[in-house]
Amino acid sequence: MLASFDTHIFWEALTSRPYWHGALLALELTLVSLAAACVLGFFLALGRSSRFRWVRALVFFYNWIFRATPTLLQLLFIWNGLPQIWSTFASDWFKPFLAAFIALSLNEAAYMSEIIRAGLLSVDPGQELAGRALGMTRPRILRRVIVPQAVRIIIPPTGNEFITLLKLTSLASVISLHELLTASQVRGAADFRYAESYAAATVYYLVIVSVLMAIQAQLERRFTWSSAGRKRRAPVPAVAHDAR
Amino acid sequence: MNDPVLRAAGVHKSYDGLEVLRGVSIEVGRGEVKVIIGPSGSGKSTLLRCLALLEPIDSGSVQLEGDELSALREKELAPHRSEVGMVFQRFNLFQNMTALANVMCGLVEVRRLKKREARERAREFLDRVGLADKADNYPEELSGGQQQRVAIARALVMRPKAMLFDEPTSALDVELVREVLDVMEGLARDGMTMVVVSHELRFAHSVASSILMMDEGKVIEEAPPDRFFSAPSHERTKRFLALVE
Amino acid sequence: MKRYIGPLGILAALIAALAVVGTVTAASPVKGSFKYCSDPTFPPMEYKTTAGKAIGFDIDLANAIAKYWKVKAKFVQTAFSGLLPGLAAKRCTVVISGIFVTPDRVKQFPAVSYMRSHRALVVQAGNPKRIKGPNDLSGKTVAVQAATKYEEYLKALNDQFKAAGKPQFTLQSYPGDTDAVGQLIVGRADAVLTQDTSGAFQKKQNPGKLAIAYLFPESDAFGIYYRKGDTKLGAGLKTAIKQLKKNGTLRKLAAKHQIPVSNVK
């Protein structure tokens, strides 16, 4: 049965422009969405422990809505539902990449906020106390003491979220974003060599995730606070998150 | 300069409906070392945190060199806090910074000193507590006694008007207690105004100007060490001393 | 009397034999039932009611063939791009899904054609972007069902525009034909390339919103695809279609779904 797998076609698909472009597009979408999600998620995390009740309620609702509904539904709502309500979203400027970026960022922010919150909570409260005793203001304490320590905790689960997000970009194929999955589908439909077409796409996903894992390992080492020796610490367990 | 460095008058404080401080008054003059002892739950740590301006009080007043500070809002309090140094039972060194960076932190972030100048001053104070060679180590690489000494240097480098110690040796292994107490005794000899919550009675006896006994949210006795230990007037003081001796 | 029992008996046996032979001529190449893959996003050939039931010309055709063979037809919903892979993977016996017979497809899977029709450019009612033919698509936004021959054609057209120095159109591809038409209704797309059958249906479904701007002169054939090794099945399909055309079943079905009867000649 393996005789039916044409490595020449596989290689040709692997090195073809639509695949290469599609993979870059998927990676680009993942990176910008994750970045935006981290920023928004940080403020959502802070909002969860706000003094104001309405802020806490707002954050709760946000997380509730975006975690409880399928990402695909959110994506389709933004692409097909919005123009129905407000016709400006039917114009040329609202491209599939932009729509996917918005949907994925908003969605991912809800998950990141929980991860970041857990990270902030994991920092010993004595750290903030000592900072205040020195006369530091809260924003400064956050920046210099708490966030760096929280970052160490949130690196592993964030790496996880990157991987999830990369796979979610394939959903954007249904709103006409010509990313990696689309490339493999079109290729397969053109000459019916499905195994080769899909295998080539798989390789790209694998490579991207492997590079991420290497970067994550580097980052984790950088945030280990012991001098020159950088001895191996026990791995920090990733915070569990809901499946999509 | 007739005002005492630190003064608390008639301080009341409650947590979640439980009254922890029931009208506490204390005055600490320049160069005085006051040691507070008492059973757990008596409000000693809370009093210390109020003096450090870390906790708001319900009524009464807290004054630093005559300035009424208890009514100030959070934002205005921050700079004043740096004038009162605080050392915690669990050291609370910043885990993500080296010993040197810890000591520099207050100078850079609060006093807005340039890094170079801050580094020099920080080295000087690390040396004073005998840890110049540990400047580039992270807290997790230091023993408890070393960490506490760094914490003391971190507070001292700000040139505070008074230093507060909340059970500074309670979390230390027995053999590490001496090195910290030595530093504290040195500070006292140099004329630092100090308030110490501690169980180290021999230290108290040798260094304190007076000793206060707290119980159930009130100061029930204050006396110079000789009189306090040999002839305590209060019944509860006698009982407590008998337990701790 | 006794003299007639013999010949009468032989006559009875002959009649019985003839009856059996008679039914054998409509013999089914499949036993009991067969599965057919179809993507119900291409009305009126196959689509779903709001209640989620699959209906359409192809569903009726499958059932008509099944009736002819005296077996049952089972509908297997499959996305368009998964139809032929599904056939290869033996998830179904045939594909009946408004899918064209084209040389490159037939190389892998033989097909029996059953209907001809024309491609169409569907636009918003009133044709606001003045699209009179494929050349007018230059610089517009065109939506299409993904992985179809329509998409291939449009991509080639875009390349032609580029070579000729004309502005290309933005090509958006969606999972279903209905999704592509949806973009017209929402106002995002200026035109959709699809089949006249689909265009006519959508126009009727959305009165006043759509129009057919252009009908391609060439016609395409819809075909039933099956696997290469199933020669008996292929022969059976050819016979069945021939019969259904002859006895007017196809004409009736076309009329039922408002498809021009000439398409099923």
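Here are a few things to note about the model shown:
The first chain written gets the first letter, and so on, giving A, B and C; residue counts start at 1 in each chain.
Just so it is clear, a residue touches a chain if its C-beta (ideal position, glycine included) is under 8 Å from a C-beta of that chain, and two chains touch if they have at least 3 such contacts.
Please read all numbers here as calculations on a predicted model, not as lab measurements.
Setting chain B aside and leaving every other chain in place, the chains that still touch stay joined as one piece. Inter-chain contacts peak for the pair A-B, counting C-beta pairs in contact.
Among the remaining chains, B is positioned farthest from chain C, on the basis of C-alpha centroids. Overall, the chain located most centrally, as judged by its C-alpha mean against the mean of all protein C-alpha atoms, is A.
Separating the centre of chain B from that of chain C, both taken as means of CA atoms, is a distance of 86 Å. Inter-chain spacing, taken between the CA centroids of chain A and chain B, is 46 Å. For the pair chain A and chain C, the distance between mean C-alpha positions equals 41 Å. By the touch rule above, chain C contacts chain A in their complex via residues 81, 84-85, 88, 104-105, 108, 141, 143, 146-148, 151-152, 170, 172-175, 179, 182, 186-188. Across the interface of their complex, chain A is touched by residues 52, 54, 75, 78-83, 85-86, 88, 90, 92-98, 105-106, 109-110, 136-141, 151, 154-155, 158 of chain B. Every residue of chain A that touches chain C in the complex is listed here, in rising order: 80, 83-84, 87, 90-92, 94, 96, 173-176, 178, 182, 185-186, 188-192, 194. On the side of chain A, the complex with chain B involves touching residues 124, 126-127, 129-137, 140, 144-145, 148-149, 152, 225-227.
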